[in-house]
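Next come the structures, one after another.
Presented sequentially are two complexes of chain A, the first with chain B as partner and the second with chain C.
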Partner chain A sequence: MARPSHPQAMTPHRPAPTRTAPPTVPDDFYTKPRMLTYLLFDATGIVYLLVGFVALRVARALDSGPEAWADLMSDFAQPLYVGFHLLALVSVLFVGVRFFRLFPKAQPARLGPAKPPPRPVLHAMLYVVWIVVTIALLVVLGGVWP
Partner chain B sequence: MSDAGELQKKTFVVTRFDPDVDEVPKTQTYEVPCRPDWKVLDALNFIKDEIDPTLSHRWSCRMAVCGSCGMNVNGEPKLTCKTALSDYGDVVEVAPLSNFPVIRDLVIEMDGFMEKFRDVKPWIIRAKEKAAEEGTYRQSPEELSAYKQYSMCINCMLCYAACPVVASEPHFLGPAAIALGHRYNMDSRDEGAPERNRVFRGEGSVFYCSYANECSEVCPKNVDPAAAINQAKLNAVVDWATSFVVRRKR
Partner chain C sequence: MKTLLLRLEPVIWLLFGAGIMVGTILLPGYLLTVALGGPLGLLPEGARSYERALAIASNPLGRLVLLALIALPLWKGAHHVRALAADFFGPGADVVVGSLLYAIAAVGSVAAILAVAAI
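On to the complex of A and B.
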């Protein structure tokens, strides 16, 4: 069965000479696996918003001194925060994989005289950059360097 | 048609709508003896010819070229002449394409689509036409390859039926129209990109697209409208930015 689409979807400016049935979409339009993946992709924005609030809290703790920092670290060891950070990690991986799959074909055929590399190469380059940046961050945050 | 293969009975749940009688569309069930090599369109034609001549549906070429026979098959937009019945179980639901007003049964109102098509000026625009004696416009294979993919669209409208933005934003130009506009913007013979880019930034903006990629998933000709839309976004922005620097003739 069907559910209503936007009542004006694909409706011509001049009405049809006969009465028409309003536009619909299938009942499962928004719950099919592909559409769910897309909706989940968009929903990760909520996770990033929350990560932003956590980052603000980290900055505030840094500004407030060692005691506040210790409190924050103790909070981060709580299951709620650990769960949230895991959710954030999964969200980043999920968005990265989908974004890297779709990004190459959105590139223009040429930029001035330059042509972008073939899509598979661009796809691979994105993963290489991602891995290199992740390793660099781990090295810096782990205190290995500098 | 050959008699090879056993007939298999399938149940077709078909959406019906008679504007003179029905307030809203309803479904009607048909039992159809199907041959193994049949497409969905063959079964619809069997219903029309042998069971119920009042059923209305569009079709023409039977070889995925004309783009007339697009319908929702089990909720997914499909060209019915290209969709094998063997891919489905004993019950097959056939409905008109999503997101379009319905004129009758499986026939949708296409005028809204044609208006969006006209909006993107899908023809070659030249500031000054060459005189006939100057010869034809030459184009290299590389220049052709820049847009050829997007010229394969058969206007079947499956992409509009699959698009979640079309379902919620009636002004959106939509996948096929933008892909066609982008096709002409990429054509080395064309000089109308600034005009089309103004349309792309206007009321039916390309920026409504949230890159669900559904249009490309359902496209029966692998045109990849999602790629065209997202390339058109960048081109529209670059064109807007350069318009402050370069003065163009209108």
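On to the complex of A and C.
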């Protein structure tokens, strides 16, 4: 197997005479809907980070025993946690809708011998998976089955 | 450090991609039940019992789902917060901010593996 190339192997020894200015957020970004949506999409990262660590607390409570679990459920009923989890739900739905719309456009035209399905089909498949997995989790975690 | 970040970029993008895809697919079900439905009393009594939650989470598939629910959103979060910081503060602090955020995601992922294995 070939040795991986150095990641900066193609970097010129001297910077080119004309430099591209680094992209910056305009001061009035909050008046530009497309910019705002893009920044909000990135800002959901803060919510995802926090959700990950809160879910870690769920796993630790399960390991610690019934009292820790009861304490966790009691904490989750507090307005701060309820508000955060509602915000998380809105963020996840926003990310899902935006990302699933983007995903088919980002696919290569051909994957080896196979062609990916048409964009609308791929888009619909993502929604089917999303809905089926969500229903499955609602059924299992919601106490319907088993 | 910049070189290390560039070398790790394929791994980071893999975890970020899994985080945004798998995390987003799994999170609504978890948020509607464990995070909101159970604590607010919207689920039947037995559904939020410790014994039932433990039985689901200690199942091999349950462990895998729980691990994905914890670790993958951390990588999506770290990568997007890095992009947000670069947008607002410029590329100057990108290496420090990126390294710090990926370190947080890595520590959280290791903690998730340990926590899920201990259940």
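Everything below uses one rule, namely that the second predicted complex is superposed on the first by the 116 of 146 C-alpha atoms of A that agree within 3 Å, B and C clash if a C-alpha of one lies under 4 Å from a C-alpha of the other, contacts with A are read in each partner's own complex, and residues count from 1 in each chain.
Operating definition for what follows: a contact is a pair of C-beta atoms (placed from the backbone, for glycine too) under 8 Å apart; a residue touches a chain by one contact, two chains touch by 3 or more.
Model, not experiment: these values are computed from the prediction.
Chemist: Looking at chain A, which partner touches more of its residues: chain C or chain B?
Modeler: Counting residues of chain A touched by each partner, the higher count goes to C.
Chemist: Report for A:P117: first if it touches chain B alone, second if chain C alone, otherwise both or neither.
Modeler: A:P117 contacts neither chain B nor chain C.
Chemist: For A:Q8, decide between first (touching chain B), second (touching chain C), both and neither.
Modeler: Both partners.
Chemist: Of the two partner chains, chain B (first) and chain C (second), which one does A:G83 touch, if any: first, second, both, or neither?
Modeler: After superposing on A, A:G83 lies clear of both chain B and chain C.
Chemist: Looking at A:V25 after the superposition, I want to know if it touches chain B, chain C, both of them or none. Which is it: first, second, both, neither?
Modeler: After superposition on chain A, A:V25 lies in contact with both partners, chain B and chain C.
Chemist: Between chain B (first) and chain C (second), which, if any, makes contact with A:D42: first, second, both or neither?
Modeler: both
Chemist: Do chain B and chain C touch any of the same residues on chain A, and if so, which?
Modeler: 8, 22-25, 42
Chemist: Sort out for me which residues of chain C touch chain A in the complex.
Modeler: 3, 6-7, 9, 19-21, 23-41, 43-44, 46-48, 50-54, 56-58, 66, 69-74, 76-84, 87-88, 90-91, 104-105, 108, 111-112, 115-116, 118-119
Chemist: Which residues of chain B touch chain A in their complex?
Modeler: Result: residues 15, 17, 19, 22, 24-25, 27, 72, 75, 95, 98-104, 108-109, 111-115, 146, 160, 164, 166-170, 174, 186, 210-214, 217, 224, 226-227, 230-231, 233-235 of chain B touch chain A.
Chemist: Taking the touch rule as given, give the residues of chain A at its contact with chain B in the complex, in rising order.
Modeler: Those residues of chain A that touch chain B are 1-2, 5-6, 8-14, 16, 18-30, 32, 34-35, 38, 42, 102, 105-110.
Chemist: Where on chain A is chain C touching in the complex?
Modeler: Result: residues 4, 7-8, 22-25, 39, 41-56, 58-60, 62-63, 65-66, 69-70, 73-77, 81-82, 85-86, 88-89, 92-93, 95-96, 99, 103, 129-130, 133-138, 140-143 of chain A touch chain C.
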